[in-house]
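Labels run A, B, C and D following the written order; every chain starts at residue 1.
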Amino acid sequence: MSNASSTEPEIVYDKQGNPHEVIDFNNDYEGAKLGFWLFIFTEIMIFGAMFLVFGFYLFQFSPDFIAASEGLNRVLGGTNTFILLLSALSMGLSLVKLRNGKIDESKKFIWITIILATIFLTIKYFEWSHEIHIGIYPGSPTLDALSDGTKLFFGLYFTMTGLHGLHIIIGIGVMFWVLALINSGKITSTNFVVLENTALYWDLVHLVWVFVFPLFYLIY
Amino acid sequence: MSNVHKSFYDETHTVFGHHKNKILQWIFSIDHKRIALLYLFVMFAFFAVAVSTALVMRLELFSPGQDFIDPDTYNQAFTLHGVIMIFLFIIPGIPAVLGNFLLPLQLGARDVSFPKINLLSWWLYMLGALLAVTSLFIGDGFADTGWTFYAPYSIKTDTNVIWALSAAFILGFASILTGINFVVTIHRLRAPGMGFFKMPLFVWSLYATSWIQILATPVVGISLIMVILERTFGIGIFDPTKGGDPVLLEHMFWIYSHPAVYLMILPAFGIASEIVPTFCRKPIFGYHAIAISSAMIAGVGYLVWGHHMYTSGESEMIKLIFSALTFFVAVPTGVKFFDWIATMYKASIDFKTPMLWTVGTFITFIIGGLTGLIVASVGVDIYLHDTYFVVAHFHYAILGGVVFLMFAGMHYWFPKITGKMYNEKHAARAFYTIFIGFNLLWFPMFIAGMLGMPRRYFDYLPEFEIWHKLATIGSWVFALGLIYMFYTLYRGWRYGELAGPNPWNATTLEWQIPSPPQLPNFGEIPYVDYMPYEYKNGEPVRHLDLSVKEDKPHE
Amino acid sequence: MLEGIKGVSSFAGEVDLAIWVVVGLSILIFLLVVGVMFYFLYKYSNKRHSRDQIKNIEHNLPLEITWTVAPMILLAVMFYYGYTSLKAMRTIPAQNMEVKVTGQMWFWTHEYPNGKKTKDLYVPIGENIKLAITAKKNDVLHSYYVPALRLKQDAVPGKIYNAWFKATQTGAFDILCAEYCGTRHSYMLAKVYVLEKDKFDEWYNSDKKTPFDKKEKIPLHPGLTLLNDNGCTGCHSLDGSALVGPSYKDIFGRKVKVAVDGSLKEILTDENYLKRAILNPDAEIVDGYSGGMMSSYKDIISDEDIDKIIDYFKGGKIEVKVDKKAKAMAILDNNGCTGCHSLDGSVLVGPSYKGMFGRTVKVKIGDSLKEVVSNEDYLKRAILEPDTEVVDGFSGGMMSSYKGILSDEDIDSLIEYFKGL
Amino acid sequence: MNTNSNQESHPINASVYYNVFFLLIGLTVLTLLQPVIINLDLGSTLIVQLGIAFTKAFFIVAYYMHIKSSSPLFKKLIYTTVVLWFVLYGLMAIDTYYRYTPNDLFNN
């Protein structure tokens, strides 16, 4: 992202002789942020499409969906909601600390985020393994014997929470990469766009859960 | 011409710094011009493959009954043809080749915003292409679902649907990255002074295109993933035996794939908007109208997907809504055509090959567009849906619109890209051959479709024979024309005369630098406070020399 | 042969009008736009119009407004005709005869209100026919397309979509499948036969399979006809399932426990017993069933007829040979088997029925190849679980199971028939 | 080292994060309590739950993702995406509603 060679900005002058800066694509903070926001839009379209499918079947199979929602573990789901909330806070604080020049504290907050994300995944793992243990997973004989709406509810449940979980795993990977960049001095208190974008990504992951949680766990 | 500074063919920078090895210099180059050429060669290789499959299909259909391939092979052939043409050729076509090459040049930028991601797009594109090709040779062969991957057939069939779906997904991802790159480039890297309404119209069309890529592609991406999950885990979302609704997949597929056809045609319109003023020797008529109509087509084009599904069982209410919206898209499209034709008024038209291609395309695309209106009308479409009429309409719009304008652009920017000139006489003859072959190939299909010949048929009832025979003969003429054209371009590239920086006397920034361009594109970046197409008495108002001078090396 | 492009349904006129209007307007627009373009190309070519004659015109607001608004009017006209034709097509009259149309891989089945099932559709002229179109649940998408009727509707597995038509002309018209559905998509053909009303009625109320059948339907055993006519089969099944009373299947010659005046007794169901059971049903009630359900048939069925019935129970059959072949053929036709399996040895999607029985074939079980003899057991498995053993050279997943669709008896008669092929 | 003036955009403050965090905690508790306090039918539940979810989403996007202090371009882009989704959902809802209820046109 940074290019040491272009330290002097390129200036062009209009007819009146006013200077205008040529933006250097190698070091364009606003551009990097805009690019990442566009990426976030694609993610919103992906999850939005899944919610579209969810809504489509919720309309057709409301009783089945309500009954199936009853079977999910709200305590674990609720705990996970709070964990993500906390992790979004710690991610944000790490950015604040970095920009105030407190590199070590910033790293500490990233570590806290990573730990919280891992706890989220562990809880998710227990939730899933419980459901798989009682025979509820796509294509299982138990599930196939149930009503169509129930099959669709769990099909969507595993797809959407699975996709969300995948995003958390990727997020953890990105955070380790960010830590490495901080250690090697590539991210500094003035050149922080990578960490800022990581924080944006993490907020997106949180944002998706804000909708996933009530729609799956609380519609009964 | 590049006696001052070497061209981008001679030097480059790669993602790893500098390499001695020529091949590595190309495939790891982060220079937007080299990436454009990488796309170009791979794309035309796949174009050749897809044209060949089409020729095989047409040959099989020459007479009724089974001649030399069996129905399953035929089904795989049209799927292969569709997947390659749509996902590997037309969708990336103009944006990834001409867009990549020209966008920074027309904006006055030194590269796109994210050169490394640009290279990543190409690698993803290659990965997707590789997956598609690999699936030809393993197991039960290439998918036989048609490029639409409708469930439940795509869930039931034994062929390598997962491979094709993964390929399409990865190609979609590559296309998203290109789109993001372009939008950021257009927002951030315009030359100082160049406001949005001072950009060349090709850039405007790429801007609209990129938004479609960003906002529509993810929807089809996730739908394809759900079909993959359906096949591997049986999640049931599109499987009727588990309560799923196949029509939902049709919705989600077309939410992307209809905007995708605007994604294909918009950059092509952009090319026309460049060529028409250059060869009319005057400013384009209605610059603002053309620019805004691109955005309108992109916006409204997003909301018309349901017209692919009039017979699928969607509700009557939504059929009428989609029909009305579809007609509405025709208005901005019409405005563009009227503007182009108005540009010809009181002009001094120079019939060079790019202009020939553009005028030819106006004819074929107007046919494609007007037949689009015919099938947009609900009651009429119910009769014509899934017949050869739709096949012909689609090819008139996409082949006769997008690909022809792509060829026009290839001829127009050929001297810029290669620094050489092709033979004008042969290029014009190649155009006439292709134009005749094209109409002979596709026009009979309108009639066959009107008479009720359904599409994707391996065999047909005997009374359609005459139309199939005509089309097959047309396909041979068309193929010969293609060979002629590519050979002319190849001769031009190898043996053509040097073209000079501005052979057409055009006005946009890419013509103010040497051909082929130098690695950093511009020596000094101009302050652009004027409109892109300013002519006076048929001559450009400004002649600039923006080449990189020896004494002022950049980077 | 595709029977012409002439529309023969009541709404074909509206659809054709819409087609002509939109096509006509399109041609008009085309000629106008391309005409003006060619005029400009000719007049303002650089041979005739030199560069110093160029006029830089960049805007003309009134003109631009005109060419934005004028097309909208034309488009509104096109939309209107699309709407009227759709309305005519989709307003299903309340008075209609409903025919169920089921698509499955490469075969259409039409089921009439009285339970008749045919491959082609037979309809009376001038009557409203409502089609309830669907596809088998584990099948794929199809589209029911009758060009001459201007009718097209996708058949979606698990969903029923309606269409209708009123034929205005007698004749035969093609039915095609317009939604890609796999290997034999282009052979998923059938016909609509539009008949005079009386000819239709005559067929509809007869036993004939199609109105063009010369042969009378294979006569039933007179005993069975009697059972049917007297409503016996409403309570006694023919296939072994227990309804209100015991099934007729294997009723003769078995030992059953019956309740006589409250005590259980074992008896043999011989002629005498069966006769008593018909004439005095409450005297000896088979264990597990309750008395008082059946009334005596004394004076309703003559002794002679009772003998016929008992003969039927004994398994007395007439015209077994002819019967079996026709029956097997009917099963094959009505279930679309012949769409994929030929009778003459040619290979379509699946192996031909010719010589199928008794040969030795290689089959794929999972990933391994195994040789099996194609005997009764194998063929039965192949019908009920087609994907477990797929004959080498053919692909699985093409045929869906016929479990629950064909009865054991049907399958037996099919296998019997294959033996002779 | 960095001459690009955009990099030092808005000032950033930890207290904003804490305030929004406690607000979100409050909203989440509300989300969890809703089924315990009042038992609503599906429609009302969805309205309440999605209402809370959208409020949370607003705060996350506005403060955690700094849209409040970003350039108007970002705001415009977000409005566009949200509007686009509402139109898409609207069109799908129209189709679903008319397809699965007996209210479609031409009464069939």
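Odds and ends about this structure:
The rule is short, and it goes like this: a contact is a pair of C-beta atoms (placed from the backbone, for glycine too) under 8 Å apart; a residue touches a chain by one contact, two chains touch by 3 or more.
Since the model is a prediction, treat every value here as computed from it, not as a measurement.
Ranked by how close its C-alpha mean sits to the mean of all protein C-alpha atoms, the top chain is B. With centres defined as mean CA coordinates, subunit C is found 43 Å away from subunit B. Taking the mean of the C-alpha atoms as each chain's centre, subunit B and subunit D sit 36 Å apart. If you average the Cα atoms of subunit A and of subunit B, the two centres end up 33 Å apart. With each centre defined as the average position of its C-alpha atoms, the distance from subunit A to subunit C rounds to 50 Å.
Looking at subunit D, residues 73, 81, 88, 92, 97, 105-106 sit in touch with two or more other chains.
Shown for subunit A are the residues that touch two or more other chains, namely 23, 28, 30, 34, 38, 41, 45, 48, 52, 56, 60.
Contact of a single residue of subunit C with at least two other chains is seen at positions 86, 90. Taken pairwise by the contact criterion, the protein chains fit none of the simple patterns, being neither a path, a ring, a star nor fully connected. A complete list of chain pairs in contact reads A-B, A-D, B-C, B-D, C-D. The residues of subunit C lying in touch with subunit B in their complex are 1-2, 5, 14-15, 18-19, 22-23, 25-27, 29-30, 33-34, 36-37, 40-41, 44-46, 49-60, 63-64, 67-68, 71-72, 75-76, 78-79, 81-86, 88-90, 137-141, 143, 145, 147-148, 150-154, 156-159, 161, 174, 176-187, 395-397.
Residue ranges on subunit A touching subunit D, taken from their complex, read 7-9, 23-24, 27-30, 33-34, 37-38, 41, 44-45, 48, 52, 55-56, 59-60, 62, 66, 74, 78, 81-82, 85, 88-89, 92-93, 95-97, 99, 190-191, 193, 199-200, 203, 206-207, 210-211, 213-215, 218-220. Across the complex, subunit D meets subunit C through its residues 105-108. Residue ranges on subunit B touching subunit D, taken from their complex, read 187, 215, 251, 255, 302-303, 306, 313-318, 320-322.
Residues of subunit A touching subunit B in their complex: 5-6, 10, 12-15, 20-23, 25, 28, 30-31, 34-35, 38-39, 41-43, 45-46, 48-50, 52-53, 56-57, 60-61, 137-139, 144, 147-149, 151-152, 155-156, 158-159.
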